[in-house]
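Below, chain A partners chain B and then partners chain C, in two separate complexes.
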Partner chain A sequence: MERHTRFWQCALLALPLLVFGVLVVWPLLSSFYYSFTNWNGFNPHYQFVGFGNFARIFTDHLFANAIINTAIWMAAAIIVPTCLGLGLALLIDSRVPGGAIFKSIFYLPICLSAVVVGQIWVWIYQPDWGLLNTAMSAVTGQPESYAWLAKPDTALYAVIIAWSWQQTGLAMVIFLAGLTAIPHDLLEVCELEGTKFRQRVWHVILPLLRPATVVVVALSVINSLKGFDILYIMTGGGPFHSSDTLAMHMYNESFKKYHMGYGSAISVVLFLIALSIIFIYFRQLKKVDEIYE
Partner chain B sequence: MSSVALARADEREFNPWPAVIFVGLVVLAVLFLAPTIGVLLSSLKTTKEISLGELWSLPHSLYLDNYVKILSDPAVHTYLINTALVAAPATAASIALGILAGYVFSKLPFPGSDLLFLAIVSGMFFPPQVILIPLFRLFNGLGLIDTLWPMIFVHTAMGIPICTLLMRNFFATVPSALREAAILEGANEWQVITKVALPLSLPAVAVLATLQFTWIWNDFLWPLIFTHSDAMRTIMLGLVFLKGQYSVAWGVQGALSLVASLPTLLVFLFFQRYFIKGMTMGAVKG
Partner chain C sequence: MFNGIQRKLLASVLAVTATVLLFANPALAAGEVTISHYFTGSLGRAGLEDIFAQFKKQTGITVKDSPIGHEDFKTGILVRAAGNDLPDVFSYWAGARTQFVADSGHLHPIDDMWKREDLGDIIAKPIAEGATLYNGHRYLVPFGYHYVGVFYNPHVMKKAGIKEMPKTWDEFKAMCAKLKSQGITPIALGSKNRWPAQFWFDYLLLRTAGPDYRADLMSGKASYTDPQVEKVMGLWKQLIDAGDFAPNSNAATWTDAADKVARGDAAMTLMGTWITGYWNNNKLEPGKDYEFFAFPTVTDGVPKAALGPVDGLVISKNANNVAGAEKLLTFMVANPGVQAKWASIQGALSANVKVDSSKYTSVMRHALKVIQNSDAFAFNYDLATPPPVAEVGLSMFAEFMNDPSGYKEMLKQTQAGASDAFAQQ
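Take a look at the complex of A and B:
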């Protein structure tokens, strides 16, 4: 019996582990390896440069720029969809007629690809006939032709709004799932005790939504770190690198300039950031478990 | 739900809040739908109408030339077929591998299996850029660059974490007594999976199929890295490429965006329940 179990464990896990090992784990380790070389992507001959690529990170002003943009991008990508998603979830959960339809409408953008979302928003920001400028002219009464995506001051924020439009629905459904887990009786008791709606949200609902909030925030961070497609489509990191994030910078260095060694070093930094976030996430989940079990 | 109480307050005095909430949600819903409706409207208009600033008005007549142009373009056919050729096998393969691994982690645990499970699941969280360069080198070395194979392989591998996670959690709800009974009857583990566990887990498979198909269909990064000839492009890459060709033909671009999104929109429409369940199930527990 014991031998049989061992056999099946190995037999069933062999293929998944092989595929995952060869195509995910091994490349991950190789990234570390290449980050110490000056490989250009094609030439089989390359040299070890020690910590040269990592030293270069500190003198590369484009890297510093990308770090700042990534921080802005991540902060906005956490705050905007989380708050909007929570608001929508609370509104929909208040037994409004047509709740299911509202849910679908707000959730719909998540099944569109980043390419299509990017394209839609490029049109909204289009200077001559885009929705935004058209609406602004209607309000101000004079023709507006501001090129939102072509100005360094607004490009990154314009993409953040498009991104939030897509991600809000995800936050909303997770909060909705969390809200259905809150017992009715509890809220009714609060109601009978004469609490105000605002007090119930603040002192009862929000604390009970903590597990959902941890998940939403973690997902926002992780998805925003992965966010590349939509930036590539909408601005390509420009103008003048004003919307360059780490993922974008890594792509440009590796596949535009063929600095694969340096690109690997950037991806190692990206990995370390993701790793620390995952670490915090699992610890938070554990804490949440301890509170609720 | 907070409004059980709200409704009760209604009986005593007039409560404006439900109406205010409803109107607020309608306004937000319109704002949320506006971008999508804009594309739909533009796809039904001529370039001239759009550039005259008439994008946001209702079309005067049903103008379908943009769709005719897109659907008769052989390049678009190639892109759609390529995407299906990547999405279908990669979706199936990642789910199959997830079933195998999920079964072991839930029904045949061994010392350290929890740790191994955690390591696999954490693969879900890493930005794909981290493994981009070595994979490019690997497939370049194998002479597979500019074929569909790298996309199939990579999507299969990248799907393993979420598939393993969901299948393990689902198999955990299948009573172990069922497995033990089948084993006593002389079945082996493979028969338990295919005859007992899998038929019970079809809902989880449906959830994964909708999620994986949507993600793979919508992917842009891997085809961008692994292909360069037109014959190997997937639809999302083709969309960007054709943007140059139809550079100011916004109506054509709009029609193309909708055609490219149609499969995932249909999946969403028909399997919305599974889709949302997958998103929340995958998210809620690590």
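Take a look at the complex of A and C:
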């Protein structure tokens, strides 16, 4: 009987494992393999270059630029939606009139694909008739035509705002779920003891929201690592690499310059960074579990 | 524990997998030719579907097309090449891009077909040799070609009191100054996707250093730090510094620039003849609402070259239906009716000399005359130099349009990037 069960377990797991192997494991191993070659992406002939592609990373000023942008992107992708999401969750949880409607409105952007969000914000930032410049012109009385996405000083930050607009709703919903788990008796006791709202948030609510915060931060990090599509739609890493992140730099090297070997080396570095972050996340998750055990 | 339901589930999964594999087998589809191209939307997809329907009627072969947007096509088709998943036929740009794919061994030579169908007598001579021959073999059939000129709004020019279009660089600058004095922005440029800016570099280089030097630069024999290239950037910078370009060109696409000219917000734009297809679709009248003039002479005595891309069709090496693919290519280029229709839809010049040029619009006849009177026909920058080098140069042009002040440093960086790309070829 035991053997029979084991057979069926293996049989039913075989196909998902095969799909996972073909779609995830095989490309991953291929990336490792090609990172040691000078393959251009479609020529059947290539040579092994050892660690040449990895050595090149240290002299590539565009890679350094992409690392800095990735750090800015990830920091902003964690801090901005988390803080805004927390603020909105506290506001809605405090039973403001129309809270349920606001909750739906703020959550709506997360239902849209990053491509749609990117296109909406491309129109908002359009220099001649975009909503942002039109609103600024109305406020200042001066014609505004700043090209937010076409200037190297603002392109990355303009995309971060669009990204945060989408991701805030997700953080808000997770924090709201966390807030419902906090006993109301506890908050009432605090209030009766004469604590101020700020003190209650800092000393009671935030510590009890730690599990929700871990989830929000982890999701923000994972989503920001995946945040390629919105950048591709809004700036394509431009103008002239000013909004290149590691993922975008990898794409440009692999598919626009046809340096697939070097692009694979960048993807290996990106993989190691993602792996480190996921490792830290699981450690934090374990700590949270220990608190509740 | 595992009963009939699980067994049925497993059997269903295996059946679906088998069905997918069976229908994915391309060998079963011998009566069709697969094609991928970049002629989407206003670039002529509907017209192309009509042509494919006509082909099916004549040959019984179904053309199964999978169009991809122009910019995404550049990457998408090479990804398919990498996976040995190319369609039987795909559209491609003649020049360095085709050379790049031919070098990788992904193309099927069409020398036999070329002789059999007498294509040498059909294809226009100015483009036949440069566009079709790679490594001593013919790989590409030109499907249509374009000319890059300075397209302008005649109403705006008339309003500014400009009757004669400039023939020299000094006359051109004087015209820009006159337009500005009337409150009209002289030049619109939509360089968001970078490539529209390349035409300024191309023409200034062709008109100052000449086609031979340009060919050397495109093949890596000359350097971006040469005085010839510095001179080009200096001339281009003069226009930017003078405020001749509409602001925020890096935020606009080529169609935005075309719209600006059509509306009269700017007087002219340097663009290919595909702009005529776009304007015709928007009900602008050739010769009345738009016209063009050839890029002016900058240095006397330099051979006058025309510039533009050649759209072609190639057959992939692993094509499942080579005979059908060759029939399609022959039908597309050798049939004057198809060529005339395509030229009209796309705003292109036909590669087939048997097409009656009197059926072109007045603007396209003008373009054909300019090409015929030119000393040479050059492919534009991103088709003349290998794609990895073009990638470096195109970024430089966009950076230059944002702030041209540091162009000498930009040229040094471009040369470093180009050297690196040539070395990795």
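What we mean here is this: the second predicted complex is superposed on the first by the 293 of 293 C-alpha atoms of A that agree within 3 Å, B and C clash if a C-alpha of one lies under 4 Å from a C-alpha of the other, contacts with A are read in each partner's own complex, and residues count from 1 in each chain.
What we mean here is this: a residue touches a chain if its C-beta (ideal position, glycine included) is under 8 Å from a C-beta of that chain, and two chains touch if they have at least 3 such contacts.
Bear in mind that the values here come from a model prediction, so they are computed numbers and not experimental data.
**Q** For A:Ala265, decide between first (touching chain B), second (touching chain C), both and neither.
**A** Neither: A:Ala265 stays clear of chain B and chain C.
**Q** Once chain A of both complexes is superposed, is A:Val217 in touch with chain B (first), chain C (second), both, or neither?
**A** Neither partner.
**Q** Which one hits more chain A residues, chain B or chain C?
**A** Greater contact footprint in residues on chain A: B.
**Q** Could you say whether A:Trp129 touches chain B, chain C, both of them, or neither, answering first, second, both or neither?
**A** Touch status of A:Trp129: first partner only.
**Q** Tell me the contact category for A:Leu285 with respect to chain B and chain C: first, second, both or neither.
**A** First partner only.
**Q** By the touch definition at the top of the document, which applies to A:Leu23: first (chain B), second (chain C), both, or neither?
**A** After superposing on A, A:Leu23 lies in contact with chain B but is clear of chain C.
**Q** Go through the superposed model and pick first if A:Lys257 touches only chain B, second if only chain C, both, or neither.
**A** The second partner, chain C, only.
**Q** For A:Leu231, select first, second, both or neither according to whether it touches chain B, chain C, the two together, or no partner.
**A** Neither partner.
**Q** Can A:Thr5 be said to touch chain B (first), chain C (second), both, or neither?
**A** After superposition on chain A, A:Thr5 lies in contact with both partners, chain B and chain C.
**Q** Now for A:Pro152: first (chain B), second (chain C), both, or neither, which partner does it touch?
**A** second
**Q** Which chain A residues contact chain B in one complex and chain C in the other?
**A** Of chain A, residues 4-5, 8, 12, 15, 41, 128, 255, 260 contact chain B in one complex and chain C in the other.
**Q** Which positions of chain A touch chain C when the two form their complex?
**A** Of all residues in chain A, those touching chain C are 1, 4-5, 8, 11-12, 15, 38, 40-44, 126-128, 145, 147, 149-152, 238-241, 252, 255-260.
**Q** What residues of chain A sit close enough to touch chain B in their complex?
**A** For this pair, the touching residues of chain A are 4-6, 8-9, 12-13, 15-17, 19-20, 22-24, 26-28, 30-31, 34, 41, 88, 90-98, 102, 104-116, 119-121, 123-124, 128-129, 131, 134, 165, 170, 173-174, 177, 179, 184, 187-188, 191, 197, 200-201, 205, 211-212, 215-216, 219, 222, 225-226, 228-229, 232-233, 247, 250-251, 254-255, 260, 263-264, 267-268, 270-271, 274, 277-278, 281-282, 285.
**Q** Where on chain C does chain A make contact in their complex?
**A** The contact residues of chain C facing chain A are 1-2, 6, 9-10, 13, 17, 74-75, 78-79, 81-82, 100-101, 103-106, 192, 194, 247-248, 250-251, 387-388, 391-392, 395-396, 398-399, 402, 421, 424.
**Q** Within the complex, which stretch of chain B touches chain A?
**A** 1-8, 17-18, 21-22, 24-25, 28-29, 32-36, 38-39, 42, 50-53, 55-56, 97-98, 100-101, 103-104, 108, 110, 118, 120, 122-123, 125-138, 153-154, 156-158, 160, 164, 188-190, 193, 214, 217-221, 224-225, 236, 239-240, 243, 250, 253, 257, 260-261, 264-265, 267-268, 272, 275-276, 279-280, 283-286
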